[in-house]
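Scroll down for the structure; my scribbles are underneath it.
Chains: A, B, C, D, E, F, G and H, in written order; residue numbering restarts at 1 for each.
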Amino acid sequence: MQLELRLSGSGGQGLITAGIILAEAALADGKNAVQTQSYGPEARGGASKAEVIISDEIIDFPKVTRPNLILALTQDAAAKYVDASNSDAMVIVDESVELSPETGLKKLFRVPIIDTARHEIGREIVANIVALGLIVGLTQIVSQENLEATVIKRLPRGTEDLNRMALQAGYDLAKQI
Amino acid sequence: MQLELRLSGSGGQGLITAGIILAEAALADGKNAVQTQSYGPEARGGASKAEVIISDEIIDFPKVTRPNLILALTQDAAAKYVDASNSDAMVIVDESVELSPETGLKKLFRVPIIDTARHEIGREIVANIVALGLIVGLTQIVSQENLEATVIKRLPRGTEDLNRMALQAGYDLAKQI
Amino acid sequence: MNHPLAESYFRMDKLPHIWCPGCSHGIIMASIARAIDRLGLDKDNVCIVSGIGCSSRAPGYMDFNTLHTTHGRALAFATGVKLANPKLEVIVISGDGDLSAIGGNHLIHAARRNIGLTTICFNNNIYGMTGGQYSPTTPTGDKATTAPYGNIDKPFDITKLAIGAGATYAAKVTAFHVTQMDKYIESAIAHKGFSLVEAIAVCPTYYGRKNRKGSAVEMMTWLKDHYIDFKVAEKLPPEKREGKELMGEFINVDAPEYTALYDALIDRLKD
Amino acid sequence: MNHPLAESYFRMDKLPHIWCPGCSHGIIMASIARAIDRLGLDKDNVCIVSGIGCSSRAPGYMDFNTLHTTHGRALAFATGVKLANPKLEVIVISGDGDLSAIGGNHLIHAARRNIGLTTICFNNNIYGMTGGQYSPTTPTGDKATTAPYGNIDKPFDITKLAIGAGATYAAKVTAFHVTQMDKYIESAIAHKGFSLVEAIAVCPTYYGRKNRKGSAVEMMTWLKDHYIDFKVAEKLPPEKREGKELMGEFINVDAPEYTALYDALIDRLKD
Amino acid sequence: MIKFLQGNEACVEGALMAGMRFYSGYPITPSTEIAELSAERLPKVGGKFIQMEDEISGIAAAIGASLTGKKAMTATSGPGFSLKQENIGYAALAEVPLVIVNVQRGGPSTGLPTSPGQGDVMQARWGTHGDHPIICLTPDSVTETFYLTIRAFNLAEKYRVPVILLTDEITGHMREKIDIPDPSEIEIYNRKRPETGDVYHPYGVEPGEIVPRMADFGSGFRYHVTGLMHDETGFPSNSTENARKLMDRLMAKTVTYRDDIIDYEALYTEDADWLILAYGGMSRSARAAVKVLRQKGHSVGLFRPISLWPFPEEALSALAGKVKGILVTELNYGQIKLEVERIACGRCPVEFLGRGNGEVITPEMLIETFEEVAK
Amino acid sequence: MIKFLQGNEACVEGALMAGMRFYSGYPITPSTEIAELSAERLPKVGGKFIQMEDEISGIAAAIGASLTGKKAMTATSGPGFSLKQENIGYAALAEVPLVIVNVQRGGPSTGLPTSPGQGDVMQARWGTHGDHPIICLTPDSVTETFYLTIRAFNLAEKYRVPVILLTDEITGHMREKIDIPDPSEIEIYNRKRPETGDVYHPYGVEPGEIVPRMADFGSGFRYHVTGLMHDETGFPSNSTENARKLMDRLMAKTVTYRDDIIDYEALYTEDADWLILAYGGMSRSARAAVKVLRQKGHSVGLFRPISLWPFPEEALSALAGKVKGILVTELNYGQIKLEVERIACGRCPVEFLGRGNGEVITPEMLIETFEEVAK
Amino acid sequence: MTDKKENLTIHINQEWCKGCGICVAFCPKKVLAIGENGKSTMIDPDNCIKCGMCQMRCPDFAIFLGGSDS
Amino acid sequence: MTDKKENLTIHINQEWCKGCGICVAFCPKKVLAIGENGKSTMIDPDNCIKCGMCQMRCPDFAIFLGGSDS
């Protein structure tokens, strides 16, 4: 089984970190993972993305071609990276994002990710961690245990509680869906 | 008929100019000619050479491999460029040059070229032109007429008489041999 | 309605530009256009040349003959443009890295020759485009991705360097001091020989973030509070000069311009 | 018996050198050896680095660790040598073309960094090795094979350029003034940061011949008659300073040396 | 120790394990992380990092450092690689061990700075003027980047040549699992140095040895290094005879010792009647495609040069005599393809699928092309 | 008009006749006479000469001048050619007409500055990073240097590519008779410029034309030139689709129009059962050898590529199918030999005689080798 | 660009404004603020003295003095 | 190099001397001249004050003060 994920948003939202955390958690679960990203001079302020492939097998081709899951935290990112060609893909967008109803996407979720980070946790900067909680809550692609451990390991010391709260908020959002 | 000449001496003695003059005179005679030279950082003060091939035919390979005539105005140049492998070559050295008697050279001439330039013409700088007169006087490889015309054309205005005298001195030296 | 300066001198379909929020590059670019406007130059006779870098993206937005070259080589390309066609007003836009790191040699030689190029250095003390490495103008002790423990290099004073190389016009100004910037850029373009305006810029994204300098506004405020004209400074008591950075028109002298000398040579050979 | 200096510091089997009669390069090269001798440096710990040019042939004759690099890059190679092994005393020999034309960028950056290299510029105002093209120090109006109608370029003052770039030691002297040359080179090597000695040289073969400057002796005499110490000049009445060229120790200040700062960083990280 | 690293990070880890103690370079996308991580790590192990004023001085300083006995590296991408060419030739002629990393990006000139490409493969071989020996290795994963960086240092030390580690934006920027071995498990080769008291011919080879011994500047052997043709003593010589001896010796390095240097992977090639040939980042696509094609019943194998220069000529030649065709795929307009055509020598057709526009060739594209050409 | 000139002088005469009005460069042996003569002649015809601070700026300034509509040239030798590589790629991508002369000398690095060599042949094709189109011509005489310089300018203008005139110390420094034609006898190609009032797509090709029209900076068309991938309007574009269109168009230049570009000499090849392949200065030796060998009864022909890149592949391929073998001779360790092997494709053996030590291969050496390999 | 000062008013191009706050911070009359949408907005238009400093310092051509749009 | 000044005498290496004349021109005591063979030679040895300027300015290590050869 191979899962391809695309996490997108704006430059400063920490989606590359999120991708790395997801991939490392998968490693801890005993799976394989590859993480790639695309960027350009436009990344200055514009849309950016991180992609992760998680698999039980060896991963040969490292680039995501048919994502099974797409996250988009901003309108720009959604416009650029929500690829409707695979209508079976799970697509999660922040509630601030408007998508035309004609996408034909079967599994589209609009979730107040940024709002949750800003108002529930009090720090918009943890929106990426909320999103991780949400994704893992919805899909179980990695174990919550290893996800938390990786989050703690990868992020600066002193932010443990904040990040645990953010993860939990993500899990909670997942439950509401 | 193809004739290969090597004119050698020290950096400032004008042997490249002499080579060019000889070649141009040959062209004026309706022959073909190619002139090449070799130089190196050692040319700073060290030995330098100009080579000329004169032929009735098209000249394919432009470098001198078996010179028919070698001129050496200095000891250094003689050491470096008098190639005794062709013992039939005509070798003309300035009288200041000592050559070991074992060279086996059949046509070796030691001639007071520089001394003639210095004392007869009064300008050491025309030693190259004296040498040209000597060579042409000895071999007739180019016509004296075209040689003189080329010398006049190639050298700075105002030096015509000096150069004509030098040529004549060369012819005279040739006659004495 | 549209921004009048943008409409007159910029390629509207290329805007908004790619620069980060609060990046000074847009401020300096606009100042160049205002100077051109005030001088009443014909757009067809203006050529803007840049190297590679965030700043060097400027020509793409500017509605003139524009040339985006290789990293560091803007002045070398510009020298060819100017000498081949001296009637062109050639303005070079170059980052601190582009101009003083890889391009340092072309800077000093253009200054030496006194060729009629105007160089505007967008000096943000960092390599912006490649993500925040230290540049030859990063202050000693500051951090950058390649100076994680603080930079041990001594920085260039680009203006002083150009003067040492023979520049006949050189001024320094900051992105905060827009009125002076307009004036210096105008004088620089009007100047007959080589001219340089070093515009101190802010890069909130890399330099600012790495060095905890705060937002673009805070960085601009720093410029406002720390830079004073050297002529003013000369009159201040030492304690008031303490900690101040100097700006102003440091040199402005007449000397024969290179392409004019060459044209004179051509004329001389005609006779 | 043999020349004592040659025997102690030179590769006797490589002498005599290739330089033309009267070329100053030999004079300056000997002065460097005398300075090393007076400083009592261990030959094994001295490294001489050069680029390409007549002058750059010097290291081949000098009995130290010697490195003949690519044209213009001597200071860049030397930076690597020095930073990798700061205990080496690294001396760079470079022609005016090598140092200030193709190598200009490395000069200003080495000066900026204040890295402990000593640079001796053999400035003969011409490209000797390639046969007499103008260099960045050829005076305006002078002739060269690539300036058949007289050079229209303005020359660099290499010493001033290095100071503009941040050099902490810079002196200028001529091949005639050997006593001062010995002294400056000695001070430059002893100096902790970047140091430059610009040695004005004569190339009778190309620069001299092209510009009818006469023999090596006449050119040396010109140096003798025209160069005066800038400190002496300051005290002269203007009419006596007229037509004089200035030499002397233009800057000599202390500032932290680059490789020492790096070693301090390593020490700091150890804790 | 298991880590999750970018190829560029693995390169630095490998370099440090190989003994790198000096890095000098100039930042350029997509190689910059190599400089950044070197800046952070080197001073901690007593090594030196310096950001130079440009790429030319980046390689020059590294050569200077290598002469003092330090293992040195510089990293760059296309435009910087072009600028380093003159001094690559210097290192080859003066026989200075050195590792040069080129993380390839898209296009000629400034091109597509953030996209992958493999357009510098021929340049790696021929980019500097004049004949010269070059070793060029190309990894296809983060783990292999680590090991090939070590190998690059070892080969540089052993053969006294500049070694080019040619990666690309794909392998440079992707993150993968890597198991970093204990240093004790790694074989490190250090240049041979002369013994104190030896009569030292810096460019003369001792009997039974491969290259001249190399003394560190400052170690008591005062010798001369030059980019001019030189004789065994290291001093310039204009004699064509000396020049021939030197050049013959240099050029023989990658011929005489080719078996030690050459490296390649052959996957499912024993019974293959078609080959897909790919290298570096592109072999990830090719490997995926080969697996699918095998499943689909095609007897196809993957041939992956790991040393691009010297090229695994004998191995490929042997296969070329057996297969029905070779499909070469690379992110350029056909560079290694030319070499493959030369080696195949008409014994089988050589087909090609390339891209030079910053796009990655997917396994699907490759499968489709294969099924077209191999039917 | 009959003159007796060096190859380097003939190059300048040709350039001036072709319309060169700008020269920027940096002196280097053995190319310096080209700069020196340009310095003397250009201002007399209203053109400009500038000695730049290095070779990088030498080519950069020439590109800048070309953009103003002037025909521009720069000349150098190996080390300088290496330094120019980055901007050669720029000229290729931005499609700026330009002539770059490389008078080849001996060896890699500083090597043998005053000796001949042909070691930069592959570099001329591959020296800059990334795929790019290149035209490279190589003359074998003073007269041909004159004509090929003109052709280099014409091709540069017609195809908007950098054209490399690859000569060597032999042809550059030897003096020969040359009959300089009247300008009226010479065909000159000038770049096509847009008409005033045209909607101008600086990188869009008009129907029926070969390359985009090129406006002079200052002529009223304000457009953008960049070394980034760009679309037809000239502005940077990250779209791989645009990049593909651009790269395909650039790379096609030397393929689609190869018949117009390719040039070679075939001497006594009709009935030949062996070929000697040589180019540039070395073909002088080869021609002499072939004549002698013919006299000796060998039916041998000379194949001389005049355009090295694109290589006269079809013509050689046709011959390779007929002959018993090809002896390639060049002043390097076998560069064009690789291309010949690829083209011969196993149909005949490819033998080789090379030198990379500054030595010239004499006709005698060639005859001897021929008689060994062809027996 | 020749309109009389009194006819000019501040225009803010919301599409181009990147919300850097420079115009806000250095407006001598505190006319501007960053709005809810993160872009510059006029909070005290009457106070504007049309000095043009916002326009000169805006890096994005997003704020300028111009005639009314009609 | 520790010999006492009085024991030193001028040595001229005829092999290395290139005859540039610098030592001759700048000898304060006119001790030297260029000889028939184009090389430097002592014409007035007694006048020599052993100042060493000839040695310092000779580009070719061809003239120096040293002990007697025996």
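Note that in this section contacts are C-beta pairs under 8 Å (C-beta built on N, C-alpha and C of every residue); 3 or more make two chains touch, one makes a residue touch a chain.
Note that the structure is predicted; figures quoted are calculated from it, not measured.
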* Labels of chains that are neighbours to subunit F and to subunit G -> C
* Structure fact -> In the contact graph of chains, the distance from subunit B to subunit C in steps is 2
* Inter-chain pair with the most contacting C-beta pairs -> E-F
* Furthest chain, CA centroid comparison against subunit C -> B
* Structure fact -> Per the C-alpha centroid definition, the whole-Å distance linking subunit E and subunit G comes out as 56
* Asked: subunit A to subunit B: how many Å between their CA centres?
  -> 86
* Whole-Å distance, subunit C centre to subunit G centre, using C-alpha means? -> 26
* Of all residues in subunit C, which are in touch with two or more distinct other chains? -> 19-21, 23, 52, 70, 101-102, 104-105, 109, 129, 136, 149, 262, 265, 269
* Would you please write down the residue numbers of subunit B that are in contact with two or more other chains? => 40-42, 45
* Structure fact -> Check: subunit E positions touching at least 2 other chains come out as 43, 53-54, 56, 79, 86, 90, 109-110, 113, 226-228, 238
* To do: Under the touch definition given earlier, write down the residues of subunit D that touch subunit E in their complex.
  => 14, 43-45, 47, 49, 52, 59-60, 63-70, 73, 75-85, 87-88, 105-106, 109, 262, 265-266, 269
* Asked: Hey, which residues of subunit D end up touching subunit H in the complex?
  -> 1-6, 8, 10, 15-17, 19-27, 30-31, 34, 37, 175-176, 178-179, 182, 215-217, 220-221, 224
* Complex contacts: residues of subunit D adjacent to subunit F -> 52, 70-72, 101-102, 104, 127, 129-131, 133-134, 136, 145-149
* Structure fact -> subunit G residues touching subunit C in their complex are 1, 11, 13, 15-16, 18-22, 24-26, 53, 55-62, 64, 66-67, 69
* Asked: Can you name the residues of subunit F that touch subunit C in the complex?
  -> 21-22, 24, 43-44, 46, 48, 50, 52-54, 56-57, 60-70, 72, 86-87, 90, 216-220, 222-228, 235-236
